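Okay, handing you the structure first.
Chain nomenclature is as follows: A, B, C, D, E, F, G and H, assigned in order of appearance, with residue numbering initiated at 1 for each chain independently.
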Amino acid sequence: MEPRLVRDMLERVRTGELAVEEALEALRGLPFRDLGVATVDHHRALRQGVPEVIFGEGKTPEQIALIAQEISGAGQNVLVTRVDAAKGAAVASLLPAFRYVPLARTGTVEVAPTPKRAAGPVAVVTAGTSDVPVAEEAIETLRAVGLEAKRLYDVGVAGLHRFLHRVEELRKASAVIVVAGMEGALPSVVGGLVAAPVVAVPTAVGYGAALGGFTALFCMLTSCASGVAVVNIDSGFGAAMVVHRMLPKE
Amino acid sequence: MEPRLVRDMLERVRTGELAVEEALEALRGLPFRDLGVATVDHHRALRQGVPEVIFGEGKTPEQIALIAQEISGAGQNVLVTRVDAAKGAAVASLLPAFRYVPLARTGTVEVAPTPKRAAGPVAVVTAGTSDVPVAEEAIETLRAVGLEAKRLYDVGVAGLHRFLHRVEELRKASAVIVVAGMEGALPSVVGGLVAAPVVAVPTAVGYGAALGGFTALFCMLTSCASGVAVVNIDSGFGAAMVVHRMLPKE
Amino acid sequence: MEPRLVRDMLERVRTGELAVEEALEALRGLPFRDLGVATVDHHRALRQGVPEVIFGEGKTPEQIALIAQEISGAGQNVLVTRVDAAKGAAVASLLPAFRYVPLARTGTVEVAPTPKRAAGPVAVVTAGTSDVPVAEEAIETLRAVGLEAKRLYDVGVAGLHRFLHRVEELRKASAVIVVAGMEGALPSVVGGLVAAPVVAVPTAVGYGAALGGFTALFCMLTSCASGVAVVNIDSGFGAAMVVHRMLPKE
Amino acid sequence: MEPRLVRDMLERVRTGELAVEEALEALRGLPFRDLGVATVDHHRALRQGVPEVIFGEGKTPEQIALIAQEISGAGQNVLVTRVDAAKGAAVASLLPAFRYVPLARTGTVEVAPTPKRAAGPVAVVTAGTSDVPVAEEAIETLRAVGLEAKRLYDVGVAGLHRFLHRVEELRKASAVIVVAGMEGALPSVVGGLVAAPVVAVPTAVGYGAALGGFTALFCMLTSCASGVAVVNIDSGFGAAMVVHRMLPKE
Amino acid sequence: MEPRLVRDMLERVRTGELAVEEALEALRGLPFRDLGVATVDHHRALRQGVPEVIFGEGKTPEQIALIAQEISGAGQNVLVTRVDAAKGAAVASLLPAFRYVPLARTGTVEVAPTPKRAAGPVAVVTAGTSDVPVAEEAIETLRAVGLEAKRLYDVGVAGLHRFLHRVEELRKASAVIVVAGMEGALPSVVGGLVAAPVVAVPTAVGYGAALGGFTALFCMLTSCASGVAVVNIDSGFGAAMVVHRMLPKE
Amino acid sequence: MEPRLVRDMLERVRTGELAVEEALEALRGLPFRDLGVATVDHHRALRQGVPEVIFGEGKTPEQIALIAQEISGAGQNVLVTRVDAAKGAAVASLLPAFRYVPLARTGTVEVAPTPKRAAGPVAVVTAGTSDVPVAEEAIETLRAVGLEAKRLYDVGVAGLHRFLHRVEELRKASAVIVVAGMEGALPSVVGGLVAAPVVAVPTAVGYGAALGGFTALFCMLTSCASGVAVVNIDSGFGAAMVVHRMLPKE
Amino acid sequence: MEPRLVRDMLERVRTGELAVEEALEALRGLPFRDLGVATVDHHRALRQGVPEVIFGEGKTPEQIALIAQEISGAGQNVLVTRVDAAKGAAVASLLPAFRYVPLARTGTVEVAPTPKRAAGPVAVVTAGTSDVPVAEEAIETLRAVGLEAKRLYDVGVAGLHRFLHRVEELRKASAVIVVAGMEGALPSVVGGLVAAPVVAVPTAVGYGAALGGFTALFCMLTSCASGVAVVNIDSGFGAAMVVHRMLPKE
Amino acid sequence: MEPRLVRDMLERVRTGELAVEEALEALRGLPFRDLGVATVDHHRALRQGVPEVIFGEGKTPEQIALIAQEISGAGQNVLVTRVDAAKGAAVASLLPAFRYVPLARTGTVEVAPTPKRAAGPVAVVTAGTSDVPVAEEAIETLRAVGLEAKRLYDVGVAGLHRFLHRVEELRKASAVIVVAGMEGALPSVVGGLVAAPVVAVPTAVGYGAALGGFTALFCMLTSCASGVAVVNIDSGFGAAMVVHRMLPKE
């Protein structure tokens, strides 16, 4: 594609349609455009309804509103993650199009609805109810990339029967995101029961030896169920993006 | 399927073909067969040419040979991981069908060739040459599940040009496994340049602040390139299994 | 018991009392009921007066009140742990039957008094006065499972005489829960003096090298008094449940 | 009892049967005998067939043989833990009565067979085969205190069906010792399925994020199955002693 | 002494002056009194003007006031450590005799002035001005045990000349307490320059790699100047008590 | 120089111009003046326009104002670092000459403008916008030592093209300060692209496995780009001072 | 320069001198050549006598010899770091031009002598004699980049006088590399005494709380002497490369 | 003293007895001698029989022999610590006067017997027999500084009666060194029972949660017995030097 564009331009230089200086200017950008994958991804993403994502933590409401406005002004949907309620309200007051989702601690500016993708629903499983906010961040992110989610909440390992009861649902999922804090054992059980991709998200739920999520993280990394992919603590967003990468883009 | 079997059995109880006690006995096993997912996976895996995997560390050559013989005797391929050269030789002397791959520190007993899957090759990228053994473990595992690998070795971040030179190859891969020790920065760069699934494997390469692979691990978990899946330190096997789960099984 | 139920059902299928489809439906649930241990435990627990326990941390007062109401509505006592004073008040305003215990940071909804068990009192020992809230959480939990507690507070190792003075009381206990922060040495001394089960609870009391309870935790795990059982930092609840498991249920 | 002895002695002083100096001498020992619990335990233990235990690590074969000889010379059984094969052979050559158990890395000198206790068998469960040596140390220790063990090996969480298949056996156990490395999730599942006491032993099995056993340890401490007692990494001995304390001594 | 008391009592039993039951009662307490060292220390301390110390952290103002009143009511001085300003004010309002020292975050109730001890002044040195509160806690504690302090503040290693300028003063001290955060290098320099006892107190001053005082702590423990004694992070109290133990008590 | 002064003094003692006692007094101070390097640096710094720096954390506004006034009263510029907005306002109200820079969390009292140094501008690069405050602290410090800065913000590794776009600017810099949180990979890329000195500043930006900046710190210390100098987490000040030392002082 | 080349090429396209396809091909390579900085650095380095560096750890002698031969065959000097004695001998036997330096654990293949640079000698200071190997690695690296070193060994903080004795030598250095293990306090003292660039190298010397070099590392990062640059534990090579970057290249 | 020497020298300059250049030369050394405390300490130490100490770890036998010979050649005793058996033999073969003590892993070269100091014996207490080597290092060091030791070995907390039995001996000690691994609880008990200085030495004895001595270290630092001084893990030498500093030097 890009080679074609360059060939066209060169043809136009040859025929005199394009001045050398103009071509030079265009080519000056070329290396960066050629390598500037983010830009290209940006365009492709736009066509696919994938939003730009803003990491909300450590940014002021003003900064978030400004960046979100610029992106949405360019016709692209915006997803903002890790925004607490107060900051969410502040952004919304600055940018009325900003829709805040308290449970997920995310916000969006939707220029156009994201087209649904062909892939089946992604199962989002939590060990407990305290893991739900992280799961909801994953679900908001999935929604933003055109994927549907199926919730299976509070089916932790200690009450195995509730979980086994719903294995069939898990087996139908195109991918499974497992969100668990404390000892983080659920992905091992899920990974042993389903053949689909399993993405494990450790959460900071628990105290003492839960180590703010690191016990769950290390537990998931050493899972005896092979092929479990792991993301950062509390990163529902990260898990959804792993799934986004692995499922067909259309 | 299973419901059908139960219905048949119940019909035979109703018609007197099957004694109550016999049906009771059959049903006693049912829950476990119904839940006994590993067994079912085992069968499906067999059809798909997925081998059983033996974690070789902490097992004696005798144990490995015994288990491998039992599995291969049942007509299934075997993959053994984390076997050092001495243990590999000992297993081979006990089990002549055992093929040891020194660079990957793996061994296999192949009853039948694994059928190739439709998915395109998986790019396996390393930051340095010391990461190669972990990459080769991933490649041996990919091979065992019917996937082809494409090697891109020693293209670390500090010499970016060598890496950029080969971006096009990366973009064609069905998935990318990135193996890196020390500061583990390569997956961030890869994740920013390709849209395919990226699985990052930290390695214990480096010293001091490399923390035996934990710096690379944490680096990968906090990558600013979103959607990077992470596995345990040095787990080329784990990365290949993540890829195995996400690519079409046929 | 369950086999008897299945046999009865099969008999009724044989005699035509029960339609195949109805039996199928009942059996469909069987595996889960058969494995659904939590459900079975739930029933047994109910008979024994063991309450359901809600982990209060990271739940809203509304969630706690809702779950507690559902459980107590089913005729079962409820224990809620790790509830701070403000949340306790909020739950109580939503659910008047909720009794909050500030010192233990727990709350209960008692449908019926828990029957006392035959086992003798459990000694609950603290090294200092700052360990008392964790001890009280243990005592509230013991009470909820029908066990009586005997308090021995502030008998730390540095003032050994106060402790030795009360060894006789310790020796009469059916089990000893030892709660200690800082260097966590008390369980070693208790374990050396009594033959009864000893459950050690590290607390986050102390600063600097106390590591928020991890020094006490590791100290207890490496105790030179053999047979000391350890639970998570600050988990008075966990210690009481260990004792609950080991003492006769009636 | 002891008060009775003192009263007798005082009576004999009063009646002149016992000289003041003799009584003084006897009383001089009293505090220590009264407090000298190890000594008293020693006697009681002797009657109960509980052996003295020697921690073999960091002791020379000569030291072990010397201590073991002194104890056994006093008519008491001896258990030595954490003895590698070479040291075991060295001790045996010095002390022929020393019986070394390679798998458990323990050794014993049995003066007389330990009387069996009334309690039912203790289930000893491992997640994998690499956890077996730690399990065997537990079993050797159980044997030394008169308790019988039932082995359930290699029933890890990822292959849940094998485990569920044997739940009934677990439910019959007087206590369950669960030995697991890597992510250490098995005790959570066991704790959810049985009401008996559960003692969890983390092992150093695994690599990278397994943290030499600490991931399993922290996982067990934060188990969502309440009432799981935890001991030090690799301490099969410690788990057995926890069980020893909690089961009836006769 | 104690043997003499016992002999007397036995004599009185022999002569019938003392009833057996009375002697029994007295002897019952004996072991504990014999071992009840804290009580004995208590008395000796009282004579020496050493106060009882209350660890204020994690205690309510009411608890502190209550305990302090009991101790002071028994004629003994009281020192309370780790009391913030608000709590200090609350205690003072409950117990007017309570004198709060904001800079040291300590409070005292002085029944009688502590007699000065013969030992020369203790040099209390800080690396920076942020270390001063910890130094003042040490000084308040020294004062409470009858020792005088000499302040040398803000003489850190980076500006060595200010420190060297005052070496002569250090050499005259009966002991040196060195308080330092960040890299905690000052005790190494002091230890190399003076022959007196050096007690090092790490502080939580600094950020990032200062690790909340652990870098200073480990630095002091590995000091190349031999014979530096170390106490817990921020424990000015602990350092003063080390000095208290080592200097002559009169 | 100093030897000459001593020779002169000795000559004057020899000729009787100087009394022995006077010479003795002068010599007494000599060692300290000879070693009293900070003082000498102080003077040289004054000539070079380098300010005295006050670490604002853990100091009261009164202390900061007092010290700043003393230094500025002596004709020297003052830089105060790590001052939050409230403290900054408080200092300014006490010392009107105090100029507070909120973004950098620094303040200055400028007696005279710092002379510009000959060295070209220092590039200050950040991976993200959350790293900007640390970068601004570096820039304020550079300004205080007479160096100019060139900002390149938000050019992180995941969007490599934006960064590559500006490599030419980096190559012109006399030194590069790279500020990055999360996985801290940017210095590796920069170090591979430019030959100039590179000083890496990890920041606490990120969550979970970002470890409060330690992942970035360790990443930078193990960078595969050789010759990257590292400073403490969030220490923009430290990085600027490293650059200050390495660039020509005039 | 590059723009000029592109302009020329475009002119030649315009005039028909260059075919569109040929220009396309040239432009295709352009981005990589434009960004392919390592290649360019490689050339520049060659002119400057800077060797390519091979990290010897985790490479076989065969690999090292092969790479070293390829580089030296291209006319460039080679430096290999972290090579133990056995591996050094093995490489030398494969590649006779390989000169091994045991103390520094480095080896070189010198095609041509590295031209000396104009900068004055770099002082390389160690706290103890155990730090010498790391210092020698730094010196070998300095030599390889044309810089001279001046050794000041075993001048640790506890014996300050030996150090102060040589301050004048330090002040004359163009840069100072300070190598220290244990508490790593020396860079703070050096940084306070000299105005030159100071690069601190922590070493793994020491035991217990020395944490394998991390205590020294953190100590150096939190040094109260501002402007100390830090590199990885034991990385004499890294320190030398920091100095290499900061000193004039000719 | 030193002032007197300088005055004398100046007088001799005044009277012409001493040439200016000679005095200059003498004075050149003066600052360093004046500050060169190690030198002065060296002389004082010599008079007091305190040996120079060589840290044997990481030094070759040749280096140790060379340094030891130089020191002993100057008439001073030498103590070498942390020398394993093989190295000890190697040093002895190079330097026949070297006396190696295997249990303490130390060696000495005694030029003259160290004069005994007036202070009473130092009690050296260990929790277990595995702590003995560290205790013996302390005792060898005490011997080298003229102090006598009294051994109380294997009196750990779990068998309290053995310890209490010997409290009276502890109370007579001029100082107590307590050596303990595992949970390190013994210093708390000792500190509560005696008023003498207590120096605690953590050891690396234990496994798993013993953390190679860090659990004992942190335990000791947070001891509830106030005034316990702590030294580095396994540093019997360090503890002895702390005692050396605090006891009268004659």
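Going forward, contacts are C-beta pairs under 8 Å (C-beta built on N, C-alpha and C of every residue); 3 or more make two chains touch, one makes a residue touch a chain.
Protein identities per chain, from UniProt: A, B, C, D, E, F, G, H = 1-(5-phosphoribosyl)-5-amino-4-imidazole-carboxylate carboxylase.
Every value quoted in this text rests on a predicted model; they were computed, and no experiment measured them.
Contact count check for A-F and C-H (C-beta pairs in contact): higher for C-H. Interface repeat of C-D: among A-C, E-G or E-H, over half of the contact pairs recur, by residue number, only in E-H. In the contact between chain E and chain F, the residue numbers used by both copies make up under half of all numbers at that interface.
Centres computed as Cα averages put chain F at a distance of 24 Å from chain G.
Between the CA-based centres of chain B and chain C the separation comes to 41 Å, rounded to the whole angstrom. Chain B and chain E have centres, each the mean of its CA atoms, that are 59 Å apart. The set of chain G residues touching two or more other chains comprises 31, 35, 37-38, 128, 158-160, 164, 192-193, 208-210, 217, 221-222, 226, 232-233. Annotation, chain-chain contacts: A-B, A-C, A-D, A-F, A-G, B-C, B-D, B-F, B-G, C-D, C-E, C-H, D-E, D-H, E-F, E-G, E-H, F-G, F-H, G-H (touch as defined at the top). Against chain B, the residues of chain C that register as touching in their complex are 3, 6-7, 10-11, 13-14, 16, 20, 23-24, 27-28, 30-31, 34-35. Residues of chain H touching chain C in their complex: 127-128, 156-160, 182-185, 188-189, 191-193, 206, 208-211, 214-215, 217-226.
Across the interface of their complex, chain C is touched by residues 128-130, 158-162, 164-165, 205, 207-210 of chain A.
For chain A in complex with chain F, the touching residues are 31-33, 35-39, 55, 57-59, 63, 82, 202, 204, 213, 217, 232-235.
Those residues of chain F whose C-beta lies close enough to touch chain G in the complex are 35, 37-38, 41, 44, 53, 164, 167, 175, 192-199, 217, 221-222, 226-233, 237-238, 241-242, 244-246, 249.
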